[in-house]
Amino acid sequence: MGEKNYIGRIVAIARTHKDEIITGYRVSSRSFANRKIVRNGDVCSVMPVNPEEYRDNPYVSYNCLRHNNNVLIISNGSHTDPIIEKISLGYPVRDAIASSLLTLDYEKDKYCTPRIVSAVDYKNNSMFLAIIKPDKLEVRGIALNKGEACLIATYELTDPWKFDTKAGSVNEFAAEILSLEFTHPVCSLGAKLSEGKLDVGMRNL
Amino acid sequence: MGEKNYIGRIVAIARTHKDEIITGYRVSSRSFANRKIVRNGDVCSVMPVNPEEYRDNPYVSYNCLRHNNNVLIISNGSHTDPIIEKISLGYPVRDAIASSLLTLDYEKDKYCTPRIVSAVDYKNNSMFLAIIKPDKLEVRGIALNKGEACLIATYELTDPWKFDTKAGSVNEFAAEILSLEFTHPVCSLGAKLSEGKLDVGMRNL
Amino acid sequence: MGEKNYIGRIVAIARTHKDEIITGYRVSSRSFANRKIVRNGDVCSVMPVNPEEYRDNPYVSYNCLRHNNNVLIISNGSHTDPIIEKISLGYPVRDAIASSLLTLDYEKDKYCTPRIVSAVDYKNNSMFLAIIKPDKLEVRGIALNKGEACLIATYELTDPWKFDTKAGSVNEFAAEILSLEFTHPVCSLGAKLSEGKLDVGMRNL
Amino acid sequence: MGEKNYIGRIVAIARTHKDEIITGYRVSSRSFANRKIVRNGDVCSVMPVNPEEYRDNPYVSYNCLRHNNNVLIISNGSHTDPIIEKISLGYPVRDAIASSLLTLDYEKDKYCTPRIVSAVDYKNNSMFLAIIKPDKLEVRGIALNKGEACLIATYELTDPWKFDTKAGSVNEFAAEILSLEFTHPVCSLGAKLSEGKLDVGMRNL
């Protein structure tokens, strides 16, 4: 994998050198670059910088981060909502992700854009990366050593792909994934739960 | 059932005296009355009359009608999309509705508003009404005599409820369901497929 | 509904005059009458009286009752197992039933025999009756007054159907549903959880 | 991966040097070695050599192969049935596999044995390998060159694993996968559809 490719949206999870789990999201976009991530309490959303833009496209604005004090979900679309809601109703993380991805499926745009997810269960100490595309559904528990991170992207890197991380905070992880040498970066966030509270760092280019 | 109650959104199906199947949708709303239905080709959507209004609420704007030339789906929320998409991928109508309702579940607002659906399969000559609420999931095939219609609503009439219809066209059915004596009517549509083509009539108060 | 009809298998739930919740199962069968219910610890199973009989038919032998100390499931087929297993993994009762019925669907025999379920959640004080058949999926929370029972059957009474009960124990409820005037009775059970422990009474004709 | 390991049941797909697609199944077992595969028309089943054995274990006897003239399914358990039934009702192969695996889940034995699947869609020219285990659900379309095969197993090789094949017939593929140097082989089959007709070769040690 040459790292100068366009791989679209990225969800990622890192285990820091201090053994903290941080998760992150990066918007990369050829078609809708004029977007930002905003935090509103316990939710982070991707939206147009100018609210008049991209209005007819349901795939442009969505909640990209939600949590329920135990589990932190990051995704590239409207599936963030049913996933965290089903987890809060008692579903195992694996099942909430799988059923939501299977139902909502890949995006019905001209790229058949996959839906991707990262999930960190801080209570049960487990982590998942997931994707649905026309020929694959995968929800996979992952394991990380200190200093190791793993991502899944909408294009090219559609299997879990490990990389080294030096990040020690949510801000540093946001910066790190925004600077990964894949093309068309737009904005990013890093996030974790600390005793059930959400800690977020954001980078908007 | 006194007919002066507030029963919220309504999906309905009628068999006319001329043996045509027409389906309909009515928006009734206490909280977000300033809305309209607009048609954009093969899709009808509910949206605010003033685009600045209700912007933070994902349950306010949605596609309420889509079809794939064989099957016509009407619903009160974002589940219209995965339902018609799964049907187009080959799912039986019953399964597409059930899996989408089960995943997206009732709306997580203060009313736990149910999701409701009407489906007419013009190719296989079948009809379904469906609902999900906290204590029920129901996807039910229905049968209608000429001059008979059946609805399901988000509140009170959450089981299929039959009524007489005199409507002979999509416009007349749109008018008829808007004038049903339940409170807080906002707007409505009637629709059918004729040789795979969408025919819609709309009423905005 | 004349009560001399053949309605096949029956799942039922009763609220006794002493306000206890008892659930029951009755095997009625035209084709495979030589069957019995046996208890093996926390599981009850339907099986042939002669193990050599009916061997090629997967719909003849199955676990008809399982529980996890909080929730008691009764069903007419192999769906008992995934339902109780998903509940034990955290699924809400409604969702475990709906997803299992939707996946396993009606039986692919010459009658398209529906799958039916009763569920009592003794911890959350809720009750469900459910069915899947070719044109319907229904999972419905029910409410019962003292002295009232409700059943759902594989044929004819495929919507919840209330009846009066005088039963005060699991044995009495087993006897009561076996004596309901529907044809071809074979065997029955009544069951409840008392402080998480299973109490079962059985009747084999 | 040392090839002397025990990897349990194996599903596999091969593209022969003559560009035919053949799929296969191998039973390897530490606990229930006295089993055989039998063909009964369009279905193949795993069962005990002595019908009195293993009678209490629902995971021992099952249909391991079914087809609907277009799609050929092989699996290690009772999920064969709902998968082929949902495909026959119109589900895409990916969705039928994913929903059945998600509902039935890994086997609730002491090994948490995964459920595995191979699927060949001869009409649409696509192939899938799939698995569900406690920390993963994967349904993956695969591509094979001539002379290449790919398997997934219940233990160790729980990701798709490619190997070379010299097999040119269903009998040769059955023999080839039975002779793969993993421990505890019991029996195997190779199978394909030719103009919708099932062709099976079996090997029982």
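We just call them A, B, C and D in the order they show up, numbering each chain from 1.
Criterion: a residue touches a chain if its C-beta (ideal position, glycine included) is under 8 Å from a C-beta of that chain, and two chains touch if they have at least 3 such contacts.
These numbers were taken from a predicted model, which means no experiment stands behind them.
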Chain pair showing more contacts of the two, C-D and A-D: A-D
Centre-to-centre distance between subunit C and subunit A (centres being mean Cα positions), rounded to whole Å: 43
Centre-of-Cα separation between subunit D and subunit A, whole angstrom: 34
For subunit C, residues contacting two or more additional chains: 86, 89, 95, 99, 102
Pairwise touch network: line, ring, star, complete, or other: complete
Interfacial residue positions of subunit C with respect to subunit B in the complex: 94-95, 98-99, 102, 126, 128, 134-141
Residues of subunit C defined as touching subunit D within the complex: 51, 55, 58, 78, 81-82, 85-86, 89, 99-100, 102-105, 108
Touch list for subunit A against partner subunit C, complex: 86, 89-92, 95, 99
